[in-house]
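Each structure below appears as structure tokens.
Same chain, two partners: chain A is paired with chain B first, then with chain C.
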Partner chain A sequence: MSEPPGVVCRECPDRAFVNVRGDVGDPRLRDAVAQVAGVDLPREPGTWNQADRSRAYWLGPDEWLLVVEGDDGLEVEGRLRSALDGHFSVVDVTGTQVHKELSGPDVGKVLQKSSPYDFHPRHFPPGRCAQTVFAKATALVAAREDGAFDIVFRRSYADYFMRWLADAAAEYGYRLD
Partner chain B sequence: MFRIHCPHCREARSEEEFSYAGEAHIPRPVDPSSLSDSEWGEYLHTRTNPRGPHREMWVHTAGCRRYFNVLRDTVSYKILAVYPVGEMPPEQGEA
Partner chain C sequence: MGAEVRRRAAGGRIDRDQTLDFVFDGRALRGFAGDTLASALLANGVDVVGRSFKYGRPRGIVGHGAEEPNAIVEVGAGASCVPNLRATQVELYNGLEARSIRASLFQRAAGAFGRLLPAGFYYKTFMSSPGAWMAWERVLRHAAGFGKAPDGADPDTYDRMNHHCDVLVVGAGPAGLSAALEAAGWGARVLLADEQSEFGGSLLAETRALGGDSAAAWLDGALAELDASGNVELLPRSTVSGYYDHNFLTLVERRSDHLGPVAAAGTRERLHRVRAEQVVLATGAIERPLVFANNDLPGVMLASSVSTYVNRYAVAPGKSLLLFTTNDHGYRTALDWHRIGREVVAIVDARESPAGGWVAAAKEAGIDVIVGHAIIEAVGRSRVSGAAIASLQANALAGTPRRLACDLIACSGGWNPTLHLGSQTGVKPRWSDSAGAFLPGDLGGGTVCAGAVAGTPTLRGCLEQGALAGATAASRAGFGSGRTTRSAPEVDEPPETPARSLFLVPHPKRVSRAPKQFVDFQLDVTASDIELAAREGYESVEHVKRYTALGFGTDQGKLGNVNGVAILAEALGKDIAEVGTTMYRPSYTPATFGAIAGRDVGGFFDPERHTPMHEWHTSRGAEWENVGRWKRPRYYPRSGETMQQALNRECLAARDGVAIMDASTLGKIDIQGADSAESLDRIYTTGFRKLGIGRCRYGLMLHEDGTIFDDGVTARLGEDRYLMHTTTGNAEVVFAWLERWRQTEWPELSVYFTSVTDHWATAALVGPKSRTVLAKVCTDIDLTGGAFPFMAVREGHVAGVPARVFRISFSGELSFEVNVPAQHGRAVWDALIDAGAEFDITPYGTEAMHVLRAEKGFIIVGQDTDGSMTPADTGMDWAVRRNKPFGFLGDRSLDLADHLREDRPQLVGLATDDARTVLPEGGQLVDDPECRPPVPIAGHVTSSYYSARLSRPIALGMVKGGAGRMGETVHCPLADGRVVKASIVDPIFYDPKGERQRV
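Right, the complex of A and B next:
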């Protein structure tokens, strides 16, 4: 009998990634994103919002990552460009990003040993996100309501990242779905 | 290894997330072609290199990727102030 794994990593396929920059004080930006992606841009540093099939992560004071699930995700960039007016930047970065879901009872321990960032739930409750170093790679980590974490990192780091994860999680029992 | 408070992320982060970006408050000459070689060399290479409080730029490379200024004691490494680009440091900064 094998124990259930302490950490489970699952690929999250079929999503578009769009980098958005602009003035969050400009209602035209917020309205266009809400209309096209159905999600509000978070204004609070280090937080993220989810609505329906879209997620919006705070990356900087004028920068967000939109992640939209579904087949039509690649149209998000075009639709945003049509809906936006003024000074902004919208760039589809789908080809550069990997999105994984980390779950399991020991996922917090693996994050804590992999990064100098304080991933303790007291400091990093559901709704928080942070870009930080994960071993020697950089990643965006987001805490979810169900206790799991979403991790977004660059495709070029994928091999390094997944090897590190498999090694770090081995002591708790690791399963890659 | 020390921790730096990022004014954009509004929390203290590990030094390894940041990169040092040189001495702060060195304006680029408005018309470089009107400068003599020694004036241009002064702008490019001459730094104050103080023993004590030093005004410097940092960028949160692995985090929000934004720049900000730091007043740091080069002897103790103590960070005396963090302040936005375009502003001068609070009082003790005129060291």
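Right, the complex of A and C next:
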């Protein structure tokens, strides 16, 4: 049997992605998201929350990415729109996003080769997320409890991104699931 | 002298079971694993490793590390060969091929020639007749004898890795190791880098015991402890090459060079980019050579290098040693030489009455110690055969020189701390009288210097200071109290007599007449060159460097600079502190371009962005156009078709039948909030407040100065929701522009912007038959002109997928732009192609798009505009509303006197009179083709194509006062001498009333 790969990349299909912008101090925004997606919008910069099938990533002081497994982006957008009031923005961005999960003992090395950001567990423990430079593209990287990372990037960069990953991970043994 | 004589039978850190064959300058030689190329050459009795830069003098190995000025070699062959390596830093491997970069006949002949090159030769010669440099450059560059860059593509792989650490320790000698152990003990994330293959630095050649055990045993223990620590990363073979602002440092790790050419497997070099909270510089010191006549003869070496070759590599580079020292430390080399049973001719000590422990040990060993003397001249032809020594009192010679026979001269002129990295940060080194050396300047709170680099002379002191530095750095990074937790191992440190400073040994003849006293070996700079520079009026050390080339070589004067500075100070009658040193710059030792480029080469050089339909275009043999990072089909040639034929076919299909284009790359920004319309009104020249829901409007975006920087169509999707289209290349710029104004100037507006460029896949269905085709796959939108007019948007389903369909047109034809979420883009595209098959639906690319829009006189921002044009210049006053309550960006600037000039360049159509010639884009337009230069320019061509629909060339251009010159003639001189006549016409060539797009 061959060595287990140092890095495994897994596709995370069938997810709805909705970009949410609004005032985090407005309880109507937080309540609507909690009601529709069942997840609290993180208020702490650079963090993300997970509940059941939903994840909410902090992107900026007034911006989040909501990811709901097994749902449709346009429908989530519609439900949020009905539940919301006041000044907000919700946009289905499912077409924009490609979501991969990176795991394996050498995943940290591949991140080091790809980004100047510090993904060491001391600096980037589970629950943290960051939008950062990734090779010559950008990505949202999130640390998970199981030591794996969620990587979300733009669809138009997918070809470059996946070639880069395979190349950077090759020396550690790479498997694409 | 044969190899068997020079290699000791036992000892050293070489592996005698692993013999390695290598070739140097065509000679087959043999060494052992653990050797450097330099130690193997010495073991093989190779005395001369090259010729000198200017004088062609034979040169031998002087040092044992980064400081080596003479043994500069080219290693490897073909495209993966590396020029300009120091043989002292090249690890030997089986099959290594190396050549001296300065062994050519040219160099051998240079001896006579070089005498004609005084200091400042280049300056004096080429400043007076600058043209001469162009003629002589090739010859002189060749003569300079630097390595030759390989001309094939580099077959090796290089990459980069980023690091963040609490403490970066530079140098794994006694101080660095102690620092790393201490910092790691406190729990800090530690990175320990060393340029050598083995960690240990000076400990690798240390003969004393540490804490009662051998130095090697202590080293093994320390490394095992660091290795076992979970928070230390060890980087051997890694040169810290650059120290930049904010504790950002670059390290070049040589990962496979020691294995030989292994092109296909793995990374040859890795550039580590380190962001460190704290940096411990434990870079050690380089021994200072002594400057005396003919001190460049092979066989004159640094004392510490002789000891290193003896102790670490088990090589004795000679038979009879004469040691010349100004300090106690140098005595250790004579003791090492004596210990291996070789003859020590004498120790020549420049001091009157040395009395330290090492001195006593030498005397005890029966070594002849000649005090108060100096070697004034080395004797020999291609190798030292003796030396002239003389009594040295104060700074003058006394008595008659006498001659001693020897074949090796070891020199110890004290130590120069390796302070290059600190200097790279812009902090000037400072002279210390007590240390007799330059020390790093005040590097601030992010850096700690420890060990010899800080002027610490003893091993025990380095161990202690290293530990303290490690604790200090860890504490500053938030780990521990700053106190050391471990005691340094005991080391026997005999008392030492103070050293004597001796930067230039006097000679019975004056400096300008004496045999050459070399200061900088690599570039052949002598003491007399420096004195000449001073006499000619140079005072700044930076000017003297450039005038004499002192420290200009690839070694950046690691050996010679301090002596050179001191000689200059003496000549100027100044203190060394006053003269100062030159600035050291990255890289510490030369770095390869490969390491700097990393993986950003070939297909990784710049990312390509692909639309969801990319593979379809590929399968149809599309030729590509790069638009920003996007790959867009330019045209789709059928077999045997020329580009023009393909364009004609694509254009006619759009005009007469149905054609389809992938427009996914257009920038798209979703705008929401009660003040969306107000924001758009402020950003665009056009008004959006009264735009009906479901309707679209064209807008021009201006900079504050009133010039056009983007355009596009914006649709109103709901009461408080809009969708903006930007040009492909400007999507990010426009988004940043919107956010900038929202966040910094108009925070009172309730509006949010979200980029949805990647979310939507867009297929532009164009042509008279587009409605029929779309109707086949879209049943829930009434596509009739009455229900779905031009410049409207409707939501529904296309091929079963939720879609937004825009009736907007960049071709002037009936057109439906079908937008679906990108994950469905390919499926919907395929469905449209299928639906259009019966009408011979034709895919078209950006080139046909350009022709179609030019026929309609539609501008492309950035092609027909150049950042200086106002709406009026492009004839688009109709898109500007000047009566908005708030105004818009650039509004007031439109009234600038210069913007109102009537002779500004204005957009016009150009029709060549011969109706055949396609004007070149960028072609200059003149009114008088016979005019002699300087010719007044009337304007230039911005867009130019052959129009298949009109069966003639068409062009757009900017002509001064063009709007008022309709019907007049301009001339376009071509590069081949022809002049093409063209008439100024209306820029709308086709369907001027716009009826076709409204059907």
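As a convention for this text, the second predicted complex is superposed on the first by the 172 of 177 C-alpha atoms of A that agree within 3 Å, B and C clash if a C-alpha of one lies under 4 Å from a C-alpha of the other, contacts with A are read in each partner's own complex, and residues count from 1 in each chain.
Convention: contacts are C-beta pairs under 8 Å (C-beta built on N, C-alpha and C of every residue); 3 or more make two chains touch, one makes a residue touch a chain.
Every value quoted in this text rests on a predicted model; they were computed, and no experiment measured them.
Applying the stated contact rule after C-alpha superposition, one finds that A:164 touches chain C and leaves chain B untouched. In the superposed model, A:87 makes contact with chain C only, not with chain B.
With both structures placed on the common chain, the touch criterion links A:19 to chain C but leaves chain B unconnected. Once the two complexes are laid over each other on the shared chain, residue contacts for A:95 go to chain C alone; chain B is not touched. Shared-chain residue A:154: touches chain C; no touch with chain B.
Comparing chain B with chain C, the partner in contact with more residues of chain A is C. Once the two complexes are overlaid on the shared chain, A:116 sits against chain B and chain C alike.
Overlap of the chain B and chain C contact sets on chain A: residues 116-117.
Interface residues of chain B, counted against chain A in their complex, comprise 8-11, 13-14, 16-17, 62-66.
Those residues of chain A lying in contact with chain B across their complex are 45-46, 59-61, 63, 116-117, 130-133, 138.
Interface residues of chain C, counted against chain A in their complex, comprise 159-164, 189, 266-267, 273, 275, 599-600, 603-604, 606-612, 614, 630, 670, 672-674, 750, 752, 754-761, 802, 821-825.
Taken together, the chain A residues at the contact with chain C in this complex read 19, 21-22, 62, 73-74, 87-97, 109, 112-113, 115-118, 120, 122-123, 135-137, 154-161, 163-164, 167-168, 171.
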